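Here the structure is laid out as structure tokens; the discussion comes afterwards.
In order of appearance the chains are A, B, C and D, and numbering begins at 1 in each one.
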Amino acid sequence: MNTETVNRWMRACAASIAEQRDYLTQLDAAIGDADHGANMTRGFNAVEAKLDGLDSDTPPGRALMQAGSTLVSTVGGASGPLWGSGLRRAGKALGDGDTFDGAGLVAALDAALSGIVELGAAEPGDKTIVDALGPAVAALRAGVEAGKPLAEAVTDARVAAEEGMRATIPLQARKGRASYLGERSVGHQDPGATSTALIMAALERTVAEES
Amino acid sequence: MSTQAAVVKKFMNDPETMVPDALAGIATAHAGLVRVDMANQLVIRADAPVSGKVGLVSGGGSGHEPLHGGFVGAGMLDAACAGAVFTSPVPDQMAEATKAVNGGAGVLHIVKNYTGDVLNFKLAAELAEDDGIEVQSVVLDDDVAVQDSLYTAGRRGTGATVLAEKIAGAKAEAGGSLADVAGICRKVNEHGRSFGVALTSCATPSSGTPIFDLPADEIEVGVGIHGEPGRRREKMKPASDLVEEMLEPIVSDLKLAKGDSVLAFVNGLGGTPLLELYLLFNEVTKNLGAQGISVDRSLVGNYITSLEMAGCSITLLRLDDELTGLWDAPVKTAALRW
Amino acid sequence: MSTQAAVVKKFMNDPETMVPDALAGIATAHAGLVRVDMANQLVIRADAPVSGKVGLVSGGGSGHEPLHGGFVGAGMLDAACAGAVFTSPVPDQMAEATKAVNGGAGVLHIVKNYTGDVLNFKLAAELAEDDGIEVQSVVLDDDVAVQDSLYTAGRRGTGATVLAEKIAGAKAEAGGSLADVAGICRKVNEHGRSFGVALTSCATPSSGTPIFDLPADEIEVGVGIHGEPGRRREKMKPASDLVEEMLEPIVSDLKLAKGDSVLAFVNGLGGTPLLELYLLFNEVTKNLGAQGISVDRSLVGNYITSLEMAGCSITLLRLDDELTGLWDAPVKTAALRW
Amino acid sequence: MNTETVNRWMRACAASIAEQRDYLTQLDAAIGDADHGANMTRGFNAVEAKLDGLDSDTPPGRALMQAGSTLVSTVGGASGPLWGSGLRRAGKALGDGDTFDGAGLVAALDAALSGIVELGAAEPGDKTIVDALGPAVAALRAGVEAGKPLAEAVTDARVAAEEGMRATIPLQARKGRASYLGERSVGHQDPGATSTALIMAALERTVAEES
């Protein structure tokens, strides 16, 4: 995988988030403030524009860092700094190499998770991004370490993200706006976990196309 | 029968340009008082940076007007950063604001306690410090409707933010150091508590439909300022009963007792007529008076709003001579002046 | 789909006591500025009567707050009479107000042109003159949405009333005679024109349901300030188009041309967020700018409202040095101060 | 007829207006500002209270003047000064006598009409109080002058008032708030004409009970 992979992944994220914009907003309306769809769309549109302007010889790690910085600089809201720092950390983990392999991808996503947890201090079960990203990273690592083909391991990660996303429904939120609702947050799917599952699905498609 | 509108009409050209279009209006309407950095969506005190004065920066999602841009001016904020509606601004904006108001005595960030605001201001403070500007941050979390526990993101920042901006602004204007100004801001946060109720929901410009639906005889109790549902839903009740219900957790959290003196701030959430706010204020003074608590200062009006939401919040600030004096100090902003 | 609420919830105890309950709140909130005569529902400048100064009395139905009570204070009104919601006060109240503010130089009645207000103020002036007080009345009729013809009760008094109270108040404060003060008030009325639109209706406390029903994509164009339907119903449109449509009859009635200078007043009808009002103001300055008309003074906010109605009015006042100077003169009231 | 007649007429007005309060408000909501029911109810309730406190030897003309002054002092709105001055003029027309006859009633109501027209300057067809009161006074005068029993003449007056009231429906208002609506005022019955018809019906009942 290389800069083109990062490029296609980010564009796939932009497309699918824009498509699901209203759905994400509806989820956020139920337990938040109805802006998650707009926030993520604005951010990933800006990421696309940023990548358009990038030198073709930018290493993939740098490209990912730029994507992260762009999210930080354009999203606002909770999801901006969280996913922004996450992608920045992921890019940093990839270092300056021109390519990366499955293990590199695991390290990158693991770094993203750590960055998000470090900044947001969410624990598993708090009904956040972490509840989709955590299981996804674990599944990806397990698949890669077990020697599965990368496309399969990434599919496992996407499935785990979606399961994690659905598993947020019965949870009572303990982080973010939804936590203000107390018990009334129960019964609703977390918007951030949902966009996270979209990001993993975009990765799955990207990797599948390359295999 | 529902009291919610299916579609909320708004005066705008395009949801995407709503905030910059309004900022352009502020720039013209208050040209003598502020300048507006359109690229960064900042409302900046006209004469900033004021040399030797601690700079005060606040900001947050739009849709709470006059907060924060209406509070920029002598004796209050030096700059306000505007995000998209209900969405925190980004660190870049906040860092630019910090630079623009740095008069050499450091800059205070006044942050409402929402995950987005806190995280973005945190990254902004890091950027500003990279630029060699000393920054302190005070996070406001005065909303007693949310328990401050391990199980939430903590209490929300609501009405006390207005009071903190006024009082910290007065301290800075009087020559207070960054530590002094941050200290008094923290003191307002410790001594101020709020509680809000909503009679209707509100709609963000990009969605166009109300965030929640409310039957004709019900209200949301314990709401914040982002159109979010409250802690619970109740039947509508007479103003005197409602005020009693709202004051109780505030009075008990602040441990107010007979003989104490407070500032009472009755705030409209945007869609509630002033007539009702004065009526509520009257209930507040009656209720507190019966408990022997004296309302020595007051503020009544739409100051920290939630778009067109009908509803109100009540904030009480326990007063002492220091806070009273700083509250009384002159202020000259678009929305608050004396 | 209708955007109208079936029931409009209000913070109150009882529709019958809503106005006095709110007046009691005003009395406490603005104790230093005004006193309130609860028996006659009057908000009176704290130091009235000001000896030797022409007294200014206005008033009308409640539900337009901050008008008129919020404009009582140095440099503006001496007293405001509050009627029931949307109902003119009675002559007795007005006569009492006239007595209370008579400093020996006569009293000006500032009357919005509605049959009820005009008739009640007429009877009040007779009562006051029976008491030996010299009274002049100026009737404001600035609303260009209504043709001033034999076939109507004449144009309504709307936004220009706020400007007239400010400017006539400044003239009185500066020592103007009753004739001077009445004269400048008439001048504001001649040089000021308004136009209003509504996005929603509003409900009086005693009825509880909206006065009219409006589909989700339609607006009432040419409304006044009493929740009444407008001259016509139209599709909702972008703010720039709407502002163009509102400005056109004002500009043409005032015969404004390139090089003229105006005060632009963008007023919210109660339920419209400030964000939208600033956005509208921006459209106003852009539109007038393109015609070469210069916006030299401005006022943006909820100043003459129609309960919780979402909507706005635009008032333009053609400026000259005299009007500009009086506008700039200091004012210290609950709702307007500089 | 005497002070007791005035007393019972005013109380009958108060009762029927209170009963029709919501209806009057609805009519005013359509072409005015939805307060006519509240205005007239507040006014006539105050008239009742005023009459309660009146000396039993107050002459009927004086009682009617007091009723009028009370309306002026309590109603506000357009209808207060109009009907208030109207009743004051009616009372004045009755003079200081202890009783009055049919001709006296004609003179009183005619004076009320003149007072209302003088203050409000409405012409017939403007869609106001005058469109009900004008025909009522004309019918009453015709009946009395033709020597009809008074109860019958008053019934004629009530019928004429109701016809005048209904005849306001197709009119375009030229006075009062409804005039702001221009053509949109057409098709709605005038609230003030409607309460005027109620006032005439109250008179009819009062006179019928005495005959």
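Assume a residue touches a chain if its C-beta (ideal position, glycine included) is under 8 Å from a C-beta of that chain, and two chains touch if they have at least 3 such contacts.
These numbers come from a predicted model, not from an experiment.
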Distance-wise, how many Å sit between the C-alpha centres of subunit A and subunit C, to the nearest whole number? 54
Centroid of subunit C to centroid of subunit D, CA atoms only: how many Å? 32
Could you tell me the distance, in whole angstrom, between the mean C-alpha positions of subunit A and subunit D? 75
Residues within subunit D bordering two or more other chains: none
Which positions in subunit B touch two or more other chains at once? 85
In graph terms, nodes being chains and edges touches, is this line, ring, star, complete or other? line
Every touching chain pair, please? A-B, B-C, C-D
Report the residues of subunit C in contact with subunit B in the complex, numbered from low to high. 1-14, 18-19, 21-26, 28-29, 62-63, 65-66, 70, 85, 199-200, 216-217, 219, 236, 238-240, 242, 270-283, 285, 295, 298, 300, 302, 305, 307-308, 310, 312, 337-338
Residue set of subunit D touching subunit C in the complex reads 25, 29, 31-35, 37-39, 42, 72-82, 85, 119-120, 172, 174-177, 179-182, 184
Within their complex, state which residues of subunit C touch subunit D. 61, 83-92, 114-116, 119-120, 122-123, 145-146, 150-153, 156, 204, 206-207, 211-212, 224, 226-229, 231-232
